[in-house]
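A, B and C label the chains in the order they appear, each numbered from 1.
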């Protein structure tokens, strides 16, 4: 493995009931990279993302974060270094926004309450929700909830952020605010893997786009290359469909 | 002697009986809480082997399927064969173990009504399973459980009266003593006793409702 | 164990004589309680102020006090004002009145859970208020209430054992009697417990079957 990779995914495989969902996926990220995973539903993108932090345990393959292998033994420590943003936010519903962003800093990273509060407020400002610290998740719109969940992940000071279709559960008019936050993070040099159907984001913020289908990586390249002259028929067909409907 | 004089004279006995009922209630609820929580946690998060799970299923079925009077008799006569145990202790055990069967079910459905995503998000942030249960799942489950738990509290208050059958001198038996010793006015004595239970129940419920409101989180569905 | 079985063979026939008494006590009481409960629910949901208050006070009183005290009140207390019942009738009345209060609350919750649009739609296609309730609301409300109603029915089945305290010769009373004759209370109450367990399990499966039989997607869940 290359030493300067923050995240190194090597030949990850996963099957459910004999059905191979991931047929050996490899890719890597350097610090500051934004990679966008695209592909039709059922292509294995979300499974791949979940395999990276063992929310789904892969059948085979290795995953390295900063040169350390992600294993069941060290999984909690590894997950603390990888932010995960869910499609349906999963904010802790009994905690205020501030507490959502604080709790894992305190309980997992052992931060003091003061430090956690400061950090939480900073991250909430960063996603444009500094004024919502005392609100509860149910009092926020979907877009706001997703931005809180991004702040929650950022507050852990992660090496890499994993986004699992962060805008898919949102009403169309709310996706913009979340995409803007993600674009801003990419611009600031955050290392991110993003599963999304937001092609505008892919085109504008990705360093590399990975097109997956049927558990394989079909093709990968810069946005320019992928959108203008992708080599594979399948990639072009997918991008055309997305362009028409997305 | 007029019935009201009798009641006035004997009211301390009723209060004493009420005190016994309250201690019995507190003890059985405490046993039921600890054991019920343990059963719930083992059922949900413990080993899924039959050897562990089956005895728990049988335990719940038996304690929920047999009338408390029968359980009181079984514990009272069963334990007295082993050791010299007062009726009061037998009542605490029988009712506490039975309450555990009910409370475990209350806790279980409360835990299960916390969406799976909450555990997933907590684990994804690096929390261990124990931390996730403690800081994320439990606080939410507690809010789901408090309503049904209030019901359980109410039924147990009323069932303490059944400890009467094995001779625990709680409120209902004190009432009987007053009636038989004075040939007193049965209706009035029982009305007063009923009122005492009613007040105790109401007071307990109000406390629990207040607690529920204190825990309330905006938008957190019941 | 062998002793337990031979004891059972000897005394089980005696105990089983109590089963018809227990069951008839239970069936009569929950059936009467069903109709009284419906009436109380009706008064609380659709009634005018007076009916609402009467029904509310009734429900609160009977849910707030122990069944044992209610039974004593009826059997031992009422004769004082010239109202005398035999033990069985007194027990039926007590269980009926108690159960009606609980059933009314479950019915109410279930009636209120039927979406308002259902009645509006029924009225919009020309049904009278009564028709709308009878043909649209009730079938949905009754289906939804089955799980809670089943719990309530089983609780009352176990509560029939309280009738032993006023001398109804049902299972518990026979067990106690056999106990005093053999001086082996523990053994006979274990057997009585098994009988109750068999009864409650059977009733639970029957009601579970009823729930599945009446299942309608979207109205109820299994």
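Everything below uses one rule, namely that a residue touches a chain if its C-beta (ideal position, glycine included) is under 8 Å from a C-beta of that chain, and two chains touch if they have at least 3 such contacts.
Predicted, not measured: the structure shown is a model, and the values here were computed from it.
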Chain groups still in contact once subunit B is set aside, others held in place: A | C
item	value
Greatest separation from subunit C - chain, by CA centre	A
CA centroid of subunit A to CA centroid of subunit B, Å	47
Whole-Å separation of chain centres (CA-atom averages), subunit B against subunit C	21
Separation of mean Cα positions, subunit C and subunit A [Å, integer]	55
Subunit A to subunit B touching residues, read off their complex	53, 55, 76-82, 84, 86, 88, 90-94, 103-104, 107-109, 135-139, 149, 152-153, 156
Touching residues (chain side subunit B, partner subunit C) in the complex	61-62, 64-71, 73-74, 76-78, 81, 154, 157-162, 164-165, 172, 175, 179, 185-187, 190-191, 193-194, 197-198, 201-202
Contacting residues of subunit C [partner subunit B, same complex]	61, 63-70, 72-73, 76-78, 80-81, 158-162, 164-165, 172, 175-176, 179, 185-186, 189-190, 192-193, 196-197, 200-201, 204
Residue numbers on subunit B that touch subunit A, as the complex places them	115, 117-118, 120-128, 131, 135-136, 139-140, 143, 217-221
